[in-house]
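Structures incoming, each one as structure tokens.
Across the two complexes that follow, subunit A remains constant while its partner is subunit B and subsequently subunit C.
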Partner chain A sequence: MEIKKTALAGTLESSDVQIMVSQGTNGLEFDLVSDVAKQFGEQIQATIEDVFAAYDIHNAVIKVVDQGALDPVIKSRAITVCQRALDQVDQPRWEVL
Partner chain B sequence: MKNKVQREIPDEILSQYHDGGFQSVDFGHPTIQRVAPKVLAQTGPSKVVDSIQQVVRDTVRDGMTISFHHHFREGDFVFNMVMREIIDAGYQNLSLAPSSLTNVMNDIVVEAIEKGVVTNITSSGMRGTLGDAISHGALKNPVIFRSHGNRARAIESGEIQIDVAFLGVPNADEMGNANGMDGETAFGSLGYALMDARYADKLVLITDDLKPYPNIPASIQQTEVDYVVKVDKVGDPDKIGSGATRFTKDPKEMQIAKMVNEVIAHSPYFQDGFSFQTGSGGAALAVTRFLRQSMIEKQIKASFALGGITKPTVDLLKEGLVAKIMDVQDFDKGAAFSMRESPNQQEIDASWYADPANKGAMVDKLDVAILSALEIDIDFNVNVMSGSDGVIRGAIGGHQDAATAKLTIISAPLVRGRIATVVPAVTTVITPGDSIDVLVTEIGIAINPKRQDLKEALAKVPGLPIYSIEDLQKRAENLVGRPKPLAFKDRVVALAEYRDGTLIDVIKEVQD
Partner chain C sequence: METIQEIYLTNPATKKDWQRFLTSQGLANFSDQELAAIDKTFAIYDDQDQMVGTGSIAGQTLKYLAVAAAGTSKGARFNRLVSTLETTLSQDGIFHLFVFTKLQYEQSFIHVGFTTLAKTNAGLILEKGLPNVASFLAALPQKPASAKQVAAVVLNANPFTKGHRYLVETAAQKNDFVYVFVVEEDQSLFTTEERLRLVQEGTSDLVNVVVATGGPYMVSSLSFPAYFLKDDSQRVSYQTRLDATLFKEQIAKPLGITSRYVGTEPLSQTTNQYNQALQEVLPPEVQVELIPRMKESAENQQVISARTVRKAIQTGQIQDVTDILPATSLSFIEKYLTDLQARIKKGQKIDGN
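Here is the complex of A and B:
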């Protein structure tokens, strides 16, 4: 699927994660900022990649500012940002939830 | 060699270390020979000198050990003033031996390390940019971390031999009689600094308030003082007690505090005349509030409160619920000013407070200690020194010392953000699990298996779920996931001593 517009989900509150997605041409390009990047960076990225795969997005620039979010939070923010970027907020894709 | 808490201490470090690896929390009854300071006799009439520059020139030489106290905390001006003169004068190879290092001291210590001015450090702890620099290998020789009681022991035994102590005080007279409880920059007890005053070869007092002679009460006495320097300001009163005393509204902290109180109130130690020490964190202050209620309900009064003192503890003294406060430092203005007025708030030095190598310390008589933790593992070992990324960001403080109490409670949330507090093995062992009795988290408590008596006493308390510590560790892991293990280089950047001077753990350079 093509990114239709740059989208943002989440806040910078502690235990939240803010994800910004814009168009890309070179696969999923991650820019991850997190205090727990050393221990959980790969897991955070993997969680987001799974959601993007479910939305069939294979090219995007993904900027992640993590404030120690747990996995379910990261997943929800990733789903929201995908729907916003694909302009699908009125038709949630229940099957990926 | 692996020590008793299963930490690998490199042989080349152990061989230079006369006390060896950590063995036991029991200090035993060794005979100790103390050292005494050199004294240059003088009769006055005044010890006041014009500038820090002059006194540095008169006292400091390459290779010396210099010391400071941290009672001004984040409001300290003295450390920076003195270190500036020392760096600018170009001294080399100094050992820095302050009671602790606060954030306001970080930048100038990093500068002193870079310029070769400081080549050795011992402290209770460090944080921020300094902890980061040390963890990345900025200092060639490992930093030595000591608890407040252990620092007192090491000074008395001569392991820390202080050549010049620079002590900031809110008031002093021309001969050096001074205390910490009067004046604009009053911080209360001079507890940690009293060790330096008694054992340093040269003692320099720095004050912004010269009082008429003789100045009393004299916590530091003129018999110990070589120089008095008058400066414009020794500190920022607003930052001396910054951020410590604040009642929490965090429901998680309230829940923990409530359960800590239940543990205390149902323990066999909760009897008339019991004693306790709490910290200054949000949960610890809330504990004091709940404890007050339990004491009133059961008509129980405490014989003494110990340690770092806060306003809520002083309020208990005024209410008559606590008979005496034994005060080594004060975390807020309320506690600092009350020391001046209350005859039942006794200033104590770090040796009296917590030193194992004397004829009896206050912590030996302590019933209940409530302490915090960055991490606690399934052997109940506690880390208060290194962060989840392996970087130094903490202080031993009185943790190891107070943990020798009859009932030592660690109060900590199960997880902080995505970081588990209860872990399979702590990053750095500071306080051995042998001295920890109960862990209290927001979901329930875990009791050290060697305390069967407590297990029975706390078994039927409503609202106090008991888990094994392994269960709590798994619950934390289920919430946050399993972290990738931290990567360290081989080089040792810091040593953590136990309070008896043995090595309990080493901290290695982080790999980024």
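Here is the complex of A and C:
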């Protein structure tokens, strides 16, 4: 699936994660800012990229600012940002959940 | 529980409360020019309904951001404000934002995903979001791998004259490759699209020259607002250094630019100050080549200036400026003269840049 427009989901508040997605041409270009990037960076990236795979998105620029979010939070923010970026907010894809 | 809400500075009581809070936080520049630029303002109130934080949006720049340290965590209020401002901008389709701030707040912004574009002793500029400076650079035409001497010229070209042509030509003769960046800000008599087109047409015979707009990164209302508005010289000095540093670090370094060509500036004090800042900031990595301005003719020792052309457009005496315009610019002006004159009549300034 092609990214239709740049999208943002989540906030910068404690225990949340903010994800911005934009069109890309070079696979999933992942960028993470997090105080726990050293310990959990790979896990955060895997959680988000799994969601992108479920939406069949293979090219995107993904910018993530994490404030210590837990996995389910990361996953739900990733789902939201994908729906927004694909311009499909009115067609929730329950199977991804 | 603290609440965050949009506030309206058109309400005098709200505005007074907002100014009182910012003043207590050490922010005190409430010039009409700055205030007029504000689009939206948010504030955080504590249980006692006291303002404990505020932040504003002006275009794609965050402004008047301050949080009180007393009570809950200062960082939590700061993050909440930045987040709210960012979400608000995203609803308007703006995903790329900037902030100017003091050095001591650099880390707070980096912590929420900003990256530093340029830093001087007086302050710094950061950006966040997409498209960013990396995507700007990636979209530029590539220079050939063999190019060693690479020059840059930044022009407003309002409109493109033989003086501009002379500057670009000089750079093209002495370098392997030349980037010509046209100021993107659409505040001039000629629109950005027209200025870009006239520069492209007027340099199309120079094979080692590419023309692109400078994005928000070169002499923009972001990097150098005083270029477009009259301002005091201390602010001009701060902005010119910031713009020069941004060029050096974010543009020249990744593109391998080894020199920047500028024309001498006997007429405009602001531009002259800008040239001085370039000479102070860019070397030794980037050489500044100061090229004497081309004269109108042997008899008339007046330097060629786009302002002379704009004045001639106003009075309709294009025959006076045919000698200082390339054929491409001249035919454009002749074709659209009445349209250009109508813009001046409607209030477009032609004295500034």
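The criterion applied here is as follows: the second predicted complex is superposed on the first by the 97 of 97 C-alpha atoms of A that agree within 3 Å, B and C clash if a C-alpha of one lies under 4 Å from a C-alpha of the other, contacts with A are read in each partner's own complex, and residues count from 1 in each chain.
Everything below uses one rule, namely that a residue touches a chain if its C-beta (ideal position, glycine included) is under 8 Å from a C-beta of that chain, and two chains touch if they have at least 3 such contacts.
As the structure is a prediction and not an experimental result, all values here were calculated from the model.
Undergrad: Evaluate whether subunit B and subunit C can sit on subunit A together after superposition, giving fit or clash.
TA: Once subunit A is superposed (C-alpha atoms), there is room for both subunit B and subunit C without a clash.
Undergrad: After superposition on the shared chain, which partner residues are touched by A:T6: those of subunit B (first), subunit C (second), both, or neither?
TA: second
Undergrad: Under the stated touch criterion, which partner chain does A:S14 make contact with: subunit B (first), subunit C (second), both, or neither?
TA: It touches subunit B and subunit C both.
Undergrad: With both complexes superposed on chain A, which partner does A:K63 reach: first (subunit B), second (subunit C), both or neither?
TA: second
Undergrad: Scan A:D71 for contacts with subunit B and subunit C and give back first, second, both or neither.
TA: first
Undergrad: Is A:S22 touching the first partner subunit B, the second partner subunit C, both, or neither of them?
TA: A:S22 contacts subunit C only, not subunit B.
Undergrad: Which partner does A:K38 reach: the first (subunit B), the second (subunit C), both, or neither?
TA: After superposition on chain A, A:K38 lies in contact with subunit B alone.
Undergrad: Please work out how little space separates the C-alpha atoms of subunit B and subunit C at their nearest point after superposition, in whole Å.
TA: When the complexes share the chain A frame, the smallest subunit B-subunit C C-alpha distance is 7 Å.
Undergrad: Which residues of subunit A are in contact with subunit B in one complex and with subunit C in the other?
TA: Touching subunit B and subunit C on subunit A: residues 14, 35, 67.
Undergrad: Would you tell me which residues of subunit A are touching subunit B in their complex?
TA: Those in contact with subunit B are residues 14-15, 35-36, 38-43, 67-71.
Undergrad: Taking the touch rule as given, give the residues of subunit A at its contact with subunit C in the complex, in rising order.
TA: 5-8, 11-14, 18, 20, 22, 33, 35, 61, 63, 65, 67
Undergrad: Inside the complex, what are the residues of subunit B that reach subunit A?
TA: My answer: residues 388-390, 416-419, 479-481, 483-484, 486-487.
Undergrad: Looking at the complex, which residues from subunit C come into contact with subunit A?
TA: Answer in residue numbers: 76, 79-80, 82-84, 86-87, 90, 93, 95, 110-113, 129-131.
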